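Each of the two complexes below includes subunit A, the first together with subunit B, the second together with subunit C.
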Partner chain A sequence: MRSAFAKRESRSGYIFAGPAALFMFALVVYPMAYGIFISTQKTNLIDEWEFVGAKYYLQLISDSEFFSTLGTTGLFAALVVAGNMIIGLLLAVIVNQKIPLANFFKVILMLPWLFPETVVGLIWKWIFSPLFGLLNHALMSFNLIETETDILGRENTAFAGVVFVCIWKGYPIVMLMMMAGMKNIPQERYEAASIDGANKWQQFRHITIPGLRPIILVAVILETAWWFKHFTIIWLMTGGGPAGRTEVVSIEIYLQAFTNFNFGRAAAESVIILLILLVASFIYSRVLRDESE
Partner chain B sequence: MQETRKRFGISRKALATGVAAALLISGVGAVSASASSKKPAKKPAATKPAAAKEIYDFYNPKCPSKPTTLRIATPIILEVAGAVEQQIADDFMKACPDVKVQFIAIPSNDLPQKLTTMAIGGNMPDMYVHFTSFTGKALQMRVFEDLIPLLGKDYMSGWDPMFFEESVMNGKMMFAPWVGIPTAILYRKDLWAAAGNPAFPKTWDEFLAVAKKLTVDTDKDGKIDQYGWAIVGTPNGSGQGRFSQVVRNSGGYNYRETDAGKWESGAMTKGYLDALTLYQNAVKEGVVPPGYTSTGYPEASAQIANGKAVMMVTGPHSMGIIMKANPALDGKLAGFPMPTNNGAKPVTTLGNLGYAVAKSGKNKPLCIEYIKFQLSTKYQLAYNKIEWRLPSRLKAQKDPQVTGGMAQGFVDALKGGLWTEPTASFNGSIVKVDYEAYSEAFQGKKTPEQIQKEADAKIKKVIADNS
Partner chain C sequence: MNQSKQKTGFMTNKKNNQFVTRIASYGILLTMTFLIIVPVLWMISTSLKSEDAIWDTPIEIIPSEPTLHNFKNLWSTHPFLQYLENSLIVVCSSTLISVAISTFAGYGISRFKFRGRGMYMSFLLATQLFPSIMLLIPYYKIFMTLGLIDNITALVITYVSFTIPFCTWMMRGYFAGISKDLDQAASIDGAGRIRVFTSVILPIAWPGVAATAIYAFIAGWNEYLFAMAFINTDTHKTVSLGIGQLIGEYRILWGELMAGALYALIPMAVIFIFFNRYLVSGLSAGAVKE
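This part shows the complex of A and B:
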């Protein structure tokens, strides 16, 4: 039999964990469960509710356009995450050196992260504008182009344009995480490596990167989840165009829900994205953890 | 007056017949009958017995006895005519000091989405501006109050039947038509004259030829600085609405409801193909300013205002925005009916809009007071004066201010015939297919036939998924 003390302690545990559990339920479990529920309904979310089972999931797995959108999203997320990781890490290493005005550069390099996404999207849309944009004006002033070029209106440049802007917006947070991670790498390792004759690249390769591996794992998971479902900048810059070349899955979900009113299908798409991201996170954590072990 | 009736192609007899038929079809009789058999609902103060004639040159509202806030979701407040909308609200608040009119400003392209989220969140305003393109969604969401019993059947006869009929679906009046914007080709008269006053194009081929003629290097620096056509190529309702006009005026359609009540794709029609070909050729021929895929309605208007382009597919309201940007263009703007292809008659949309009363609203009697106040002839004409929009009420239409001037060509466009956007709830998906199709045509990598086939498959899939 459990003692009265053990029972009391157990009750206290529930009491202490209760509020947090309630918050978790209200803010995480309930919305997710509700999303899954909606994905099984034909509904206008007001007064029309009809159970359709897995209809929308079946529609989606036989929809080549949805897979094409997923492909665009995957490529977009991969390029942006890779760009953020490379540039973020590179800049973190540079500003971590003992260089003059390092703090000033840190602040300047953090600026893109401080701008709201809407501002970033609109500023770059204007910069890229073929009629009024700064970029075209500059290129024409230096006689690099003869006529205005419509970067966001051409299918071969629009995708690169939004990827570039998203990297510009996203690298600072990676840089910040890497800088924090570097502070945790003992200086003695570098000193020992230096005594052993390791050059800067070897130190980076064999001390910095392994030391940053936990940070890289977290950054890659967070970044992938973030950019895979990114909406704002792309929507503002191209609206998914031209001709669907920048249409990522979040735009497709938005259009399904708020243009086509097909909330059930939009919810089903969201659930699929959730599953994809869960699988991606699992794979990342296994791969990176295995390597670090 | 006679001139006005002629202008709209409506005789007095036809008008009376039209109104009577519309009332019958719309079920006014049924509403009256049911109203008489039931205990009457609390009548709104304004539905006083009204004569069949238009009596509201200026309507004096009946005010509530307690402080009330009237929330109105509107894109107009953001536009040139926002000054008139605000003036109406200010005057109403003067007439009813206990009333506070609060506008919720929403850009027109975002209005359906915003209203959707408001409806889902149970936060609908008392009234909202209804475009006919929102009809399908409003029907699906059942967010509007039927205005016929609230306004009273006598009030209905004051509307131009064209406007009235578009506002009534399944016997219920979804919104109180305020103004219309018939689509035509707007052009700069001064730049047209500078090109030697070419004849107005009757076909789209002629349109392209004229656009070429108007595309010139005016300052002779070796670079084109004036283009024939300010094309709206953005992937949204503004771009698609104009593309749809070209399709219709080429004898085609994107989708429609058959007599059997089924939806069918029209992407394989010759008109749809011709419209895609026109868009592709316009880019190939260089008659549209660079940046066409990101040229929305404001940008295209700006191109007309600053002389960067000469023609634009639009309604008379654009003259307001253009003249705001360049007041020197007063008297230098005009319109002509849309060119056609394949023997099609020039047709246009009415661009009918007005306030709808939300079903969930708590101030419906006050909303009705406001609508009658806002539809006073005085304000209809004020709106027309600032943006050339066509008033919906017959009394205002008869005013000489409406009949002449720069808006004449747009009014003429109504003579060919009207068409209304289909009201399927999945209309948004068709809009997307359309704008993907013309965006693809802009790219020039696929032939119009290929794009047409893809669009057809997509439209069929949308229909199948939603049936």
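This part shows the complex of A and C:
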């Protein structure tokens, strides 16, 4: 009797979850395996297929330029994720207080999340523009600079500009996740703490942060994966320039494949990114889990 | 310990603290609001200026002679209506397919124990880590073989693959919040599994489905990289691709670009105005529940 029930249970499970599994197999598993295959080939994807084994991987691990691209990407992702987490968490805590106009600010603060990345890239490229851009105009009218500076065209400012814009775009999703997470922290804990004389900071440190730990872990992992492979905003604002200063790995892969038609090498690069992200998320979950124990 | 003295000292201290916290809170909120509103107003202001007025010094923050020239011109110099149509076809079809499939899957995972369920769930989460660019090259080859390069069907397939994992995860969270007693009551009445799902559970889960659909829609509407790699012909482009590529033209017309950006924002504005409350509730259900 019991086993007949279990059998029916699992059959129902397959019926409901089956179509999605088939789609995932056809659209994700198979193409990924195919991607790994391509990474071992010297190919133009049409008629030239020559097995080269680990050639591209060996090339990549001895290529200092690829490492500097990885370094740029790592720094970019680290700064954007840190910025998003700090600003997103801070704003979530602030709008979660019962203060006048909190709902109005919630709406405003959410806006960048709804802006398509293309739109974000374009607006800021225009604001940063050396010719009649708003930022240059503002800086000049406050006498902070004397002549127009090409923020996105100069090697020492382009990277900071891109990071700033990506944080502008990226913090609202963290804020939303944190707001959702805070709903699950019982209000009584704060009341009890405040009776015991705990100030806002102590409450934040000892109630909010521990209560949010699981969602912070999810957010950090997802954010790292998202920004490590980010493409659109940087592509539109700088195209990877000047002098490769903002060339992240997604741009490198795109150029390698669709400008140099070096598909095998591009595929090998993406496999390496996958490995890096898997290792990173493993380390994250270890570190954050240990802390909570 | 002198308790009463400690208490009064603590009360004034607390008031002071509260005041400082409040000032700091509003300071931060106003700074952020400024950083968000200025670019938005600047975009609107630029889109309403004539090409000459954009290059006027000193810069006009509010255009003295506002014109809709840029909005009209974009329709005549680029097949912008076609971009909008393509985007709507691609994004609506991919959203529909992916929400339908992931609603079923989310229900299945939340209700039934079956072999491979745990692995399946880990796999769904792991897909979020896969660099989407890893699929770019294999997809390019597969679509080449299928003759789908420069065809918007390729984008539908791509966006379905992006959105199914996240949507399934969100729906699973939503169904987990609906009591299993409902299913059991309906099954005792003799309804089959599918009937229970379609006529009892689905009507209650409607807000979760709406939130999931919105996420899938936004993801598709914003996608740029794959559209750029797979689509060449102007009349096959999506809005995101169309406005992104305006910047590559030999002369950047900022007025038209900003008008294009505003067109791309229309569906987002609609979502924001009408479905705002689903966004947060859907996210809290899908992302937080373990």
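Definition applied: the second predicted complex is superposed on the first by the 273 of 293 C-alpha atoms of A that agree within 3 Å, B and C clash if a C-alpha of one lies under 4 Å from a C-alpha of the other, contacts with A are read in each partner's own complex, and residues count from 1 in each chain.
Here is the rule we use: a contact is a pair of C-beta atoms (placed from the backbone, for glycine too) under 8 Å apart; a residue touches a chain by one contact, two chains touch by 3 or more.
Here the structure is a predicted model, which is why all the values come from computation and not from measurement.
A.B. asks: Tell me which partner A:T147 touches in the superposition: subunit B (first), subunit C (second), both or neither.
C.D. replies: Only subunit B is touched by A:T147; subunit C is not.
A.B. asks: According to the stated criteria, A:G244 is in contact with first (subunit B), second (subunit C), both, or neither; which is it?
C.D. replies: first
A.B. asks: Answer with first, second, both or neither: which of subunit B and subunit C does A:V218 touch in the superposed model?
C.D. replies: After superposition on chain A, A:V218 lies in contact with subunit C alone.
A.B. asks: Is A:D47 contacted by the first partner subunit B, the second partner subunit C, both or neither?
C.D. replies: First partner only, subunit B.
A.B. asks: If we overlay the two complexes on their shared chain A, which of subunit B and subunit C does A:L255 touch? Say first, second, both or neither.
C.D. replies: first
A.B. asks: Contacts for A:K125 in the overlay, against subunit B (first) and subunit C (second): which applies, first, second, both or neither?
C.D. replies: A:K125 sits against subunit B and subunit C alike.
A.B. asks: By residue count, is subunit A touched more by subunit B or by subunit C?
C.D. replies: Partner with more touched residues of subunit A: C.
A.B. asks: Figure out whether A:E155 sits in contact with subunit B (first) or subunit C (second), or with both, or with neither.
C.D. replies: Touch partner of A:E155: subunit B, not subunit C.
A.B. asks: Where does A:H206 make contact in the superposed view: on subunit B (first), on subunit C (second), on both, or on neither?
C.D. replies: neither
A.B. asks: Residues of subunit A that sit at the subunit B interface in one complex and at the subunit C interface in the other, please.
C.D. replies: 45-46, 125, 129, 131, 258
A.B. asks: Could you list, by residue number, the parts of subunit C that touch subunit A in their complex?
C.D. replies: 10, 14, 17, 21-22, 25-26, 28-29, 32-33, 35-40, 42-43, 46, 54-55, 57-59, 101-102, 104-105, 107-109, 111-115, 117, 120, 123-124, 126-142, 144, 157, 160-161, 164-165, 168, 193-194, 197, 218, 221-222, 224-225, 229, 240-241, 243-244, 246-247, 254, 257-258, 261, 264-265, 268-269, 271-272, 276, 279-280, 283-284, 287-288, 290
A.B. asks: In the complex formed with subunit A, which residues of subunit B make contact?
C.D. replies: 112-113, 116-117, 119-120, 137, 140-143, 223, 233-236, 289-295, 299, 308, 425-426, 428-429, 431-432, 435-436, 439-440, 442-443, 445, 458, 462, 465-466
A.B. asks: Across the complex, what residues on subunit A touch subunit B?
C.D. replies: Within the complex, subunit A contacts subunit B at residues 44-48, 59, 65, 125, 129-131, 147-150, 152-155, 238-244, 255, 258-262, 265.
A.B. asks: Any idea which subunit A residues touch subunit C in the complex?
C.D. replies: Those in contact with subunit C are residues 6, 9-21, 23-24, 27-28, 31-32, 34-35, 38, 45-46, 87, 90-91, 94-95, 97, 99, 105, 107-112, 114-119, 121-127, 129, 131-132, 134, 137, 141, 168, 176-177, 179-181, 183-184, 197, 199-200, 214-215, 218, 221-222, 225, 228-229, 231-232, 235-236, 250, 253-254, 257-258, 263, 266-267, 270-271, 273-274, 277-278, 281.
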